[in-house]
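Worksheet: the structure to be examined is printed underneath.
Chain naming follows the written order as A, B, C and D, and within any one chain the residues start at number 1.
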C-alpha cells in the first residue's frame, strides 16, 4: 500500500530561504539600475552647474574656451568630436564590412581564425598604446601633409580619425561578421542557383540580409569612437579651435583629462559640464541602438 | 524518341572518400518531366546538384565523367557557371525566398544578369508570377516582404523566381516535401503546364507524384541508376527486381 | 569546472598577500647610500619619528619631490610620506581641507581669495627653459620675440633668425603653474596665447612633442630638460644653467612651494620632513635634481 | 531578355567590377593583418628589451634613477581583484534574477536597459562620476578604493551579459527535470544552473579583467597616480592611497615623463597580459563546446 504523502508544504523554512534568495538576486539585479540612476543624477547635478551659470546656448554654442577668463564655449570641441567620430565611422564601416565578408565567406578556415585572433588582440589593446604609437609614428607622418598644406606641423583631426578607425575596426568587423554568418545559407544558395556570381550573392543577398547586425556594429563603433579620450588626447594636439582636418583640435573627451589636474572651482565644473554633454550624446546613441535592434529584429522574424 | 536536352555519361562523384555516384548514364529528354526516385541517401539529390554544378560549393567534392547540356560538357574549363545556372534553374526542397519584397525576389535574377529597365522588369515579374500560377494571389502586394507568404505560395514564388531568368531546364529537389497536400497538388499542376516550355528534372520521395506528373522515371539505388524508362513501364512492369521491391513498398 | 575557478581565485589571492605584506618592511631595494662624494653625516633626526605624512599636489615638482621623499624615508625608516600626484588644484584644495598636511605647488598662490588660509614656503627655484628640436640651432630669443611667437604674431622661424618653416607653438594646459609663470615673465596674458597652439598636459609631454617636431617650440621646467632630446634656447642671450639661475642673469624662473595651512601646527613627522627639505641635505638633493636651492 | 537563342554556356562573362572588388577585399584584409602584426611587433621589439627582473620587481628609485613598475603591477592586481569580488556576485546575481526570477516586464526592462546603458558609457565619464561620487561625496578621495568601485560599475554589464548567455545555454530540459523532481528554485540554481554556467561566468571574469587592465581614462581621474612606492601597510591602507595601474603608468611614462623605452616596456607587459587573457577565453570556450 503506498503511503500517500501530502503535497501541502510542511516545512516553513524552505519557503523562507527561497524568499531571501529572491530578494538577494533582486538586489543584485537592481545594482545596475541603481548605478545608472546615480550616474545620471550626479552627471546632471555636477555638470548642470556650469551650464546654468553660462547659459545653455553660450555653453554649447560659444566659440571661445578660456577658463581663465571664465569663457566656457565648447562648440569647437563638439564639432571636433562629431567630425572625428563621423570620419572614423565613415571609413571604418565599409572597410570593416569588407573585411567581415572576407573573414566570413572568402578566406580559408585557418587564415580566418588566425586573423580573428589577431583582431581580438587589437580590440583588447589599451587605448593608451594606440596613443603612444600615434604620437610617435602617425603624427610625424602627417607633418608632410601639413607642410604641403602650408600649415604648421602638429597633432591633427586627421591623426585622431586614423587612430579612432583602428580602434573601432575590431568592433565593426566582429559584429558584422557574426551578423553575416547568421544569415541562413540557403539565401546564398538560391542566389547562386539563379546564376549570380559569388560576390553578387554575398553583396546583393547575404550582406543586405545582415543589415541590422551591421548597423548595430556601426552604432557600437560610433559609441566607442565618441567615448575615446586617452589615445585621442595624445595625437590630436588639443587646440580648442574650430576643427580642420590638418589642424590641431580638442575633442570633448580629451578636454576633460587634459585640464583635469590643474582645474578647480568653476573651471572644474566646466569639465563636468563637458562630461554631461558627452553623457547626453551617448544616451542618444544607446537609444538609437535599441531602436535599430528592435526594428532590425522585427524585420528578420 | 524525343530529343535529349541533357545527358550524363559515366558520371562519378566522391564526397571525400564516399563514392556517391557510380558511373551514372542518364538521358533527360526535352520538354518532358524526368522523375528521379529512390531511398534517401541513394544519390538522387546529389545527381541533381551536379546538373547545375551546385556541388561546386562543397569543398571536398571530386567529379569525373561527362554531363552534357545542349551538346556542351558543363564541367569543361571554359564554362561560365553563372550562365549555366541561368540556363538550368533550380528550386530547393524548403522554400527559400530572399528576405526582400515579392517584386525584388522575382526581379533578382534578371537584375544580376544585366536587366535594369523598370518596365521590362515589371513585365518579367508579372509574366513569371503568372507562369507560376500565383499572380492572382500576390498581384496587389508585390511590395510586401516575401516571407509573409504561406509555404505553398513561397515555393511557387521560388519557381517564378527561377522562371524569371528564362531557364531552359528546371531542376526541382523534392519541391513539395515541405508542403501541405493542397499546395502540393497546385505545384504538380504547375509542373504539368511548365513541361510544355521547359525540360524538368524532379527528385521526389512520393512515388504517386512521380507516376502522376513525370514522363520518364529513373530509379536510383546506392549511387547507381538501377532502371530508367518511361514512367508507365517503370511502374507497371519494372524489369529489375529491386525496382519492383521499391515501388511496391517492400523496402526502402 | 569548479576547480579551475577556485584555482584562479587562489592564485590571485596569493599574489596579493605576497605583495601586500611581504614587503611590509619598507623598501627591498638596497638603502641608498648618501651622496658618495661628501661624507656629511645625515642630518640628526629627532627622536625616532614614526607615522605617516599625507602630501599631494603639482606633478611638475615630481622629480625633485620623489627624490626628497625617498631620501627622507631612507633616513627615517618608520616614517612614510605619501605623495598624491594629482595636480596643484587637488593639492591646494586638500591642504586647505586638512587632508594633506603639506601641499605641493609650482606657482604662487592666487590672490583672488580662493587660496587664502595657506602659506607657501619656497624651497627651490626652477628655471623655465625654452626648448626646440635638436636640429633647430636658433641662437637666442628675446622676450618680445617669444611674446610674438606665443601670441601668433610671429609665425615663421625665419622672422626670428631661423630657417624658413612655420612655427609649431606648444604650450601647457589652462591652470598649469609653469604656463602662468612663463606668460607672466614673458609679459602676455594667458588668454592671448595662440588658440591653435598644441596643448600638452605636462612638462614631459611638451618635451616629447617638441623632440619629435623640427619646427616646434615649447617651454618646460629646467629640472626636467633632457638635452639629449631637445635644445634649450638662451633667453635674452643668456643660456639657461644653474649658475645663470644662481646669479640671476637667467630671468625665466619660478619657485616650488610647500603649502601649509596657516596657523595649524604640523605633526612631528611632517614638521621633520618640512625641515628636511630646507635642510642642507635636502637642498643638496634639490640642486642634484637640476634646481636652484633656495638657501 | 531574349529567350530564343540562348547562347552557349561557354561565354565567359568577366566583369571588371568584380575583379576590382575581389582585389579591394583581399587588399584591405592583407593591410589589416599587416597593421596588426606591425603594431604588436613594433611594441614588443621596442618594449621587450626594457623588461628585466629589476623592471618587474622593484619600485622606481629617483635617486639612482632606476625604473621599476612593481608598484603599478600591485595596484593593478588590487583594483582587479577587489573589483571582481564585488562585481562577480552582483553580475551573476543580476543575471540569475533576470533569467530565473524576473516576472514583471518593467523590472526586467529596466535592468536590461540599465545594463546596456552602462556598457555603452565611455570610461572618461566613469572617471567623472567616480570622482564626483566616490572621491568627493563618499570622501574616499583619489584612491585605489575609488578606482575599485568605479571599475566595478564599469564591468558589471560584462559580467551580467556573459552570465546571462551562459544561463541561456543551459538546456531547458535540465530546468524542467530539476523542477519536475520538486527542487526549489534556489536549489535548482545552486546545484544545476551555477555549475553548468560556470565556464560562461569564467569567460565573463576573464573579459572583465581584460577590460580593467586596459582601463586608463577613468583611473587617471579616480585613482590618480603615485605608484612609486613599494606596497606597504595593510591592504586597507594600500587601498586608501592613490596609485596608478599599468595603463595609467604607461600614459605617465609616455607623456608626462617622455621616457619611451619604459613606456614600451609597460606596453609589452600589457600586450602579453591581454594576449594571455584572450588565450584563456579561447581555451575556456573550447573546453565549453568540447563537453
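The definition used in the following text is that a contact is a pair of C-beta atoms (placed from the backbone, for glycine too) under 8 Å apart; a residue touches a chain by one contact, two chains touch by 3 or more.
All figures in this text were calculated on a predicted structure; none of them were measured in a lab.
Participant: Of the other chains, whose C-alpha centre is the longest way from the centre of chain A?
Facilitator: B
Participant: How big is the gap, in whole Å, between where the Cα atoms of chain B centre and where those of chain C centre?
Facilitator: Centre separation, chain B to chain C: 82 Å.
Participant: Roughly how far is chain A from chain B, going centre to centre by Cα mean, in whole Å?
Facilitator: 48
Participant: Whole-Å distance, chain B centre to chain D centre, using C-alpha means?
Facilitator: Each chain's C-alpha centroid was found; their separation is 52 Å.
Participant: Using Cα averages as centroids, what's the distance between chain A and chain D in whole Å?
Facilitator: Result: the chain centres lie 15 Å from each other.
Participant: Can you list every residue of chain C that touches 2 or more other chains, as numbers and ranges?
Facilitator: As it turns out, chain C has residues touching two or more other chains at 59, 86, 90, 200-201, 208.
Participant: Do you know which chain B residues sit against two or more other chains?
Facilitator: Residues 82-84, 113.
Participant: If a residue has to touch 2 or more other chains to count, which residues of chain D qualify?
Facilitator: Answer for chain D, listing residues that touch two or more other chains: 254-255, 260.
Participant: May I ask you to sort the chain touch graph into line, ring, star, complete or other?
Facilitator: The chain contacts form none of line, ring, star or complete graph.
Participant: Per the touch rule above, enumerate the chain pairs that touch, sorted by label.
Facilitator: A-B, A-C, A-D, B-D, C-D
Participant: Chain B touches which residues of chain A in the complex?
Facilitator: My answer: residues 184, 186-187, 189-197, 200, 204-205, 208-209, 299-300.
Participant: Please name which positions on chain B make contact with chain D in the complex.
Facilitator: So the residues of chain B in touch with chain D come to 69-70, 72, 74, 76, 78-80, 82-84, 87, 110, 113, 115, 120, 124, 166, 168.
Participant: Help me check something: in the complex, which residues belonging to chain B touch chain A?
Facilitator: Its residues touching chain A are 52, 54, 57, 82-86, 89-90, 92, 94, 96-100, 108-109, 111-113, 145, 158, 161-162, 165.
Participant: Under the touch definition given earlier, write down the residues of chain D that touch chain C in their complex.
Facilitator: Against chain C, the touching part of chain D is residues 57-64, 66, 68, 70, 73-74, 77-78, 80-81, 141-142, 195, 198-199, 201-202, 205, 224-226, 228-235, 238, 241-242, 254-260.
Participant: So in the complex, which bits of chain C are touching chain D?
Facilitator: So the residues of chain C in touch with chain D come to 1-2, 4-5, 8, 12-13, 15-16, 19-21, 23-24, 26-29, 32, 56, 59, 62-63, 66-67, 70-71, 80, 82-86, 90, 94, 99, 200-205, 207-208, 211, 226, 229, 285.
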